[in-house]
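Provided herewith is a single structure, encoded as structure tokens, for subsequent inquiry.
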Amino acid sequence: MMEPLVYIKGAKVPASQAHVAIFDAAIVLGATVTDLARTFAGAPFRLGDHVDRFYRSCRYARITPPVSRDETERICRELLQHNGALLAAEAEQAVVLFISPGELSVYAGSAGGGDMTPTFCIHTFPLPFYLWRHFFDEGAHVVTPSVRQIPAACVDPKIKCRSRMHWWLADGETHQVDPRAVSLCLDLQGNVTETAGSNFLIVRNGVVISPAPDHILRGISLVTVAEICDELGIGFEERNFQVYDVINADEAYLATTPYCLAPVTKINGVTIGEGRPGPVFARLMAAWNERVGLDVVGQIQASTAPA
Amino acid sequence: MMEPLVYIKGAKVPASQAHVAIFDAAIVLGATVTDLARTFAGAPFRLGDHVDRFYRSCRYARITPPVSRDETERICRELLQHNGALLAAEAEQAVVLFISPGELSVYAGSAGGGDMTPTFCIHTFPLPFYLWRHFFDEGAHVVTPSVRQIPAACVDPKIKCRSRMHWWLADGETHQVDPRAVSLCLDLQGNVTETAGSNFLIVRNGVVISPAPDHILRGISLVTVAEICDELGIGFEERNFQVYDVINADEAYLATTPYCLAPVTKINGVTIGEGRPGPVFARLMAAWNERVGLDVVGQIQASTAPA
Amino acid sequence: MMEPLVYIKGAKVPASQAHVAIFDAAIVLGATVTDLARTFAGAPFRLGDHVDRFYRSCRYARITPPVSRDETERICRELLQHNGALLAAEAEQAVVLFISPGELSVYAGSAGGGDMTPTFCIHTFPLPFYLWRHFFDEGAHVVTPSVRQIPAACVDPKIKCRSRMHWWLADGETHQVDPRAVSLCLDLQGNVTETAGSNFLIVRNGVVISPAPDHILRGISLVTVAEICDELGIGFEERNFQVYDVINADEAYLATTPYCLAPVTKINGVTIGEGRPGPVFARLMAAWNERVGLDVVGQIQASTAPA
Amino acid sequence: MMEPLVYIKGAKVPASQAHVAIFDAAIVLGATVTDLARTFAGAPFRLGDHVDRFYRSCRYARITPPVSRDETERICRELLQHNGALLAAEAEQAVVLFISPGELSVYAGSAGGGDMTPTFCIHTFPLPFYLWRHFFDEGAHVVTPSVRQIPAACVDPKIKCRSRMHWWLADGETHQVDPRAVSLCLDLQGNVTETAGSNFLIVRNGVVISPAPDHILRGISLVTVAEICDELGIGFEERNFQVYDVINADEAYLATTPYCLAPVTKINGVTIGEGRPGPVFARLMAAWNERVGLDVVGQIQASTAPA
Amino acid sequence: MMEPLVYIKGAKVPASQAHVAIFDAAIVLGATVTDLARTFAGAPFRLGDHVDRFYRSCRYARITPPVSRDETERICRELLQHNGALLAAEAEQAVVLFISPGELSVYAGSAGGGDMTPTFCIHTFPLPFYLWRHFFDEGAHVVTPSVRQIPAACVDPKIKCRSRMHWWLADGETHQVDPRAVSLCLDLQGNVTETAGSNFLIVRNGVVISPAPDHILRGISLVTVAEICDELGIGFEERNFQVYDVINADEAYLATTPYCLAPVTKINGVTIGEGRPGPVFARLMAAWNERVGLDVVGQIQASTAPA
Amino acid sequence: MMEPLVYIKGAKVPASQAHVAIFDAAIVLGATVTDLARTFAGAPFRLGDHVDRFYRSCRYARITPPVSRDETERICRELLQHNGALLAAEAEQAVVLFISPGELSVYAGSAGGGDMTPTFCIHTFPLPFYLWRHFFDEGAHVVTPSVRQIPAACVDPKIKCRSRMHWWLADGETHQVDPRAVSLCLDLQGNVTETAGSNFLIVRNGVVISPAPDHILRGISLVTVAEICDELGIGFEERNFQVYDVINADEAYLATTPYCLAPVTKINGVTIGEGRPGPVFARLMAAWNERVGLDVVGQIQASTAPA
């Protein structure tokens, strides 16, 4: 059976041969920058926006990708096309980019010094919709752990990076409440920020509200929500809010590339709004479906776990 | 030529075959816990203390190593012995342990769910003394970047973890001042903490001072310094200090497993003390040499970069 | 049947007649200062220390008790004696003092202005040991909620006050993990502080450690532990620590007047030490038993819930 | 003479019989949620908005009122009607709602456990306008004490709660400056927040400015001001400001249900603007008078203290 | 040769006779408030705005200037006229106002007590354009030191004051990177604030962005930029941003009275945008030139250092 | 009549000729470092310690004094001797050192660039004891303003510097409470720090307590107190404390060079201890008197204000 291809260190190799050395900065330092885009009906969605954001993260992290922005986008498309052909027709794919500063040769026992060569990798995987189906059947449950989000004075949350130990620790606490709960970290001042894998939004009196943009990753799905709000004449505000506002919201959402927008129906065990997807959610998804030419939620709800 | 062995996922494999999958949590999340010990004259130094600290880090991170603490120590010793035999007689080795929560199977395209199997690896490398020789010839230069250390409210600095993007960012600033400068991060309150790879100590009026222990990694070399101070009747205090105290210190040091203790002679371009290794340094290293049966600094100063 | 007496507003009244007006500052502002002592074998324990602390809290809160410190202690003893006579021989009592700035007459519809007369109340209740029996059978489970302890810049935690909404909120989160879990609040910097009703201590390498004294209530039981440590030659330190230290402690305790000292065996679902009362606990309680002339833990374990 | 009625624990009782037990959570924990509305010419003003806010506070505090929101509003109206009939024709009333988690039965000596029954109370009192007359004759004097407002990470200021010890402490400092001064607490970052009983607004260059809404209680009077500004074409902004901005404001106000809007003419002894009610104040109150059908300020200035 | 005149302590004196006593609060406390305006083609620019801001700073600092606001403006104009006549035709001048609380007579050995007489001084100097020419030839390089801006809880950055030790310390670090670099201080939360002598702005997607106005001095040049943006239909936003946003900005500027607006092309060694003045800069300066009737940048680039 | 001499810019000049240029960094930036010593019975006290601290402050501020440390001490002694001869026999003197980075030549209209020459000044003044007499007659009253001490992340409080605007602002608030009150600033966390001119100490249960040394200037008088405590067997601790601890202290003091140690008897209007100098104060001053050979308090109490 054919294997998907992975682009790594300048070459496309079968996935089973795509490895990272144990002395790569990706492993030793977690100093990795990443991004992730997906397909709808097989076509990449806002891939250019994802690649642009990836390059912004790279600039901040002082890691220079070995190929140009356009070449990067081209490789993404090629991999999606090649690897998609190996999948069932209805499958959708994610394409992941990541880059580390490169191998720490000294750790490998060879001579150090000189400039490092970044380790740049692009790979794909089929979106496991079945994992998120319960978000749409019951709504997600978010929990605020005692672990706080890392402040911008340390690492700016506006880059998508892989030094994510705090999220792992947060989940360790959150899963004590509910094994399927999603960690929603507060910042050091007690503001709601985001989850490990998504932006977090609330709706109050018909207005969609996202945290102040300087404390969170600027998600492409969040931008899509903002654009749809603008089209539909739904208010969209960016300002800090707290747990009180979530508890008293009419609706709440997770916004993220893999599953676009999921309703949140509980926080710390307290029901939000009516405890089910609300009318603003329906309007937003209707517009989203139109943009991508398929029923986003239906596709997820139709998924099943692999045998 | 024979290769060193690496212990990974339960097996000892030649180093060239020791890889980590691109969808391992070590790479995707940086949620990796680590530790590092070294040899003196080929014999492991305080290996038990390092393994104990590694297990404490694992408990905090809720990652359960697949083998017992004693088995871990045994594997370390075996690798050091086997791999040391491949090196020149005078070489010293580091042994590195790291563990991640395991592979994110979903990313790999296979079914998710179920518990993850941690990725546990132990490997060695010869200590590249030549990289640190200049610390002993000229003294290290520490620079305080604008990037702050991650607070314990996010990730406790007492664990040795590999979500180290903030250190990479710190170095990006610090190297603007001096390409060989070492980043010395302040915490959010402006206290001196530690460097990416070492504890930081100062000497004032004959007393060795280390930052309050709740803000820093409890280095085994730091513990060794404390013990030696106790033996020699040198005062040893643990309390917060700031850049003022470093500028006005009599001596300052980096304490770390690979090179034990190095003199720091400049901070932000300002000379510390006399600008050369001081009398307390000489006393501490004399005692250290006695403990390990060799001339620690001499060994480093005699090193040369590989051709 | 005879009723216990309550001292309120200068008179001793039957408990069923002891009320607070709905426009009292105790209810309108929560600006109440309190303290609580207990008996062992019917005799008050360190009652003078509790009364002294109560008067210190009053000074900070600028509320002047209407009777002298000595008169207050005398009333406590009288109530304990009178009310104790109504109880079963083996019962122990708590005596509670509280004072508010007094009634807000305006709220009552009468003329405001002039100085307020503090509302001062002393009452007793039999200690419900059966509620805490499980701490000694299984050990307590502490959970760190996202809610933080109020900083000293707002209200100093060194006073025992009844503006405790944050503890109520903390419990709302904590009980999602475990209905019997005890909230252990972190401060804004992420340090461990105390629980709603007790001090929190850990043991590491044979040394008992309590948080820095400026962040917590100075519990009389905590002082008793410190004194016993001093007698027995057990190290006792006061310094900040974090969740890492609790997870890696050998033992942990709750120290509080009603049940003296209880073993903590879990934090956020992670087992502490061996998961059962440890050897230092046994030594501390043996000394405590000697001080009070009875088996403290045995008395609690022998208790049963009322029918 | 007839007494006003108080609704408490499900019954309407004469005010002199409305008490709270000394072991109620309202007294023991201060874990009470509250709200307050008033009448104009005897008619309740925005009562529905107050009841809605009360229910939002309850949700946050996890206290479930024993009656529905609509029933609550109905009881408020009934009490206002009944109790108003006992007052002079020109009197106005406040209606107060408060709820605590209920009685801590253990403290009462009876068996604990089981769910608590909330203590829910609604009562009224005639508004003591004479207490606020000097605000309109001379302007209020606000003072910033060293005590800081409690941050949202501990208790969200958006709920109206009765754990108000910090306000009591703030007043203890503020009244050293001026016995009639009003405490204006800063937050931990030094931003102006609100007073114990009112929102605080400034006017600069014709624009009314209120602190960012996530740091303060969203007062119904503040909302009224915002609506009036919108009607009159006066700018209304919500953003953080500091003492500098108050000192250099053209006008400043206290906004609160009992007296609507009062001019502030001094801060920390420094005169604000011209030191008297300004032109924007006059416009706002003219519109307010129109809304409620009476001269709000005139009514207050005509009041006299009871004999 | 004729000397410029300086207004000090109520008199105009030749510059060589304008001194401050060593026991003046300006020297002993640095408790000085200041402002600075400039000429274009010899005519003062927005002098009234500068004088107004100076009086606002004075109010905050509780220092009462000995002459009225209008008299102050008149003296400024007189000095500019008189002193300008002594200069080459093409020279431009700055006029500086400063005021301290006055002389600490006790320090002088005479009797203390009584109210102090403020030391009020107005002086001018020719603008040394040659010092800033390189900003326009190469672009400015900003560096973020580890030193943080003083928070508003200590001294509000909205006043122009001369307690500027933190800026001196910041430059000590920044000049280690590049002797001509400009310190750009972050606040305690990691937000970009301003430089010692200018506001800092970025451009992203055609919108000019300035930090939230409560953290910075409200520069008159910043206001001018805002007004020009409004005229030209260029978006102008005030909100917090961080180093990430600067690194990924299209353009960045320093805005300040002496040289109006200078392009910033590097931050911490990383090139911003194209590394040269951008199209928005050109539009802003074209409008500025029109306002002042000369080529602002051309004038600076034509300057030469004095022999 | 003869004038005292002032050392300034390398020369000794009559005091009436000692000025600082209006464009000196001392005035423009407040970037001045200072120190102050005094005489007892005409003999300088711990002058060497003051000069050493001055040189440490200079190193931190990167200002290099133009003469050596020993030469500086020599000039101090010469001035004290010369100027003391002009005073009454019983007078005591202060000697003040200050240094700024020098004149900003550009502000003066001459060419900028090149290194600056520091402005170094040493002068004396007779100690105005009559100003502090009331501290010893009634005790000092300290008030905690809303203004916070500048954190070490901005300017380290361990240097004695003259960027003191925050103290001026603090006094503006404090004097509203009591015109003779002394501002006692809290830090951003709410800890007690120091006053503008002295260290602050409390006594509790016979132990003298000073704030943690990293948040305050290390006063020479504070060191003297610590030494005397050591001699007399009085406990001396350095740890953070808060307003609660001051209110409940047995005694409290101001420690400072000019008047050594003064009793504090009120904080924010609340009496401390017995409201008069306590027994520990008497012991400390007895030892101090012995050290300096005169009755320190008596000398102050005998002083009178000049006619």
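Each chain gets a letter, A, B, C, D, E and F, in the order it is written, and its residues are counted from 1.
Assume a contact is a pair of C-beta atoms (placed from the backbone, for glycine too) under 8 Å apart; a residue touches a chain by one contact, two chains touch by 3 or more.
Treat the numbers as computed from the prediction; the structure is a model and nothing was measured.
Q: By label order, what chains touch chain D and chain F together?
A: C, E
Q: Same or different interface residues for chain A and chain D, judged by whether over half of the residue numbers are used by both?
A: Under half shared, hence different.
Q: Where centres are the averaged C-alpha coordinates, which chain has the largest centre distance to chain D?
A: Chain B.
Q: Roughly how far is chain A from chain C, centre to centre by C-alpha average, rounded to an integer in Å?
A: The separation of the two C-alpha centroids amounts to 46 Å.
Q: Between chain C and chain D, what distance separates the C-alpha centroids? Give it in angstrom.
A: Taking the average C-alpha coordinate of chain C and of chain D, the gap between them is 32 Å.
Q: Hey, what residues on chain B touch two or more of the other chains?
A: Expected reply: 60, 62, 148, 151, 153-154, 172, 186, 188, 190, 243.
Q: Among the chains present, which pairs are found to touch?
A: The complete list of chain pairs in contact reads A-B, A-C, A-D, A-E, B-C, B-E, B-F, C-D, C-F, D-E, D-F, E-F.
Q: Touching chain D in the complex: which residues of chain A?
A: 186, 188-191, 239-245, 247-248, 270
Q: Under the stated contact criterion, what part of chain C meets chain F in this complex?
A: Chain C reaches chain F through residues 56, 59-60, 62, 151-154, 156, 158-159, 212-214.
Q: Sort out for me which residues of chain A touch chain B in the complex.
A: 4, 6, 8, 15, 18-23, 25-32, 60-62, 96, 98, 101, 106-113, 121, 123, 125-126, 128, 131, 147-151, 153-155, 161-169, 172, 188, 305-306
Q: Applying the document's contact rule, which stretches of chain D touch chain F when the two form their complex?
A: 143-146, 148, 172-173, 176-178, 186, 188, 190, 243, 268-269
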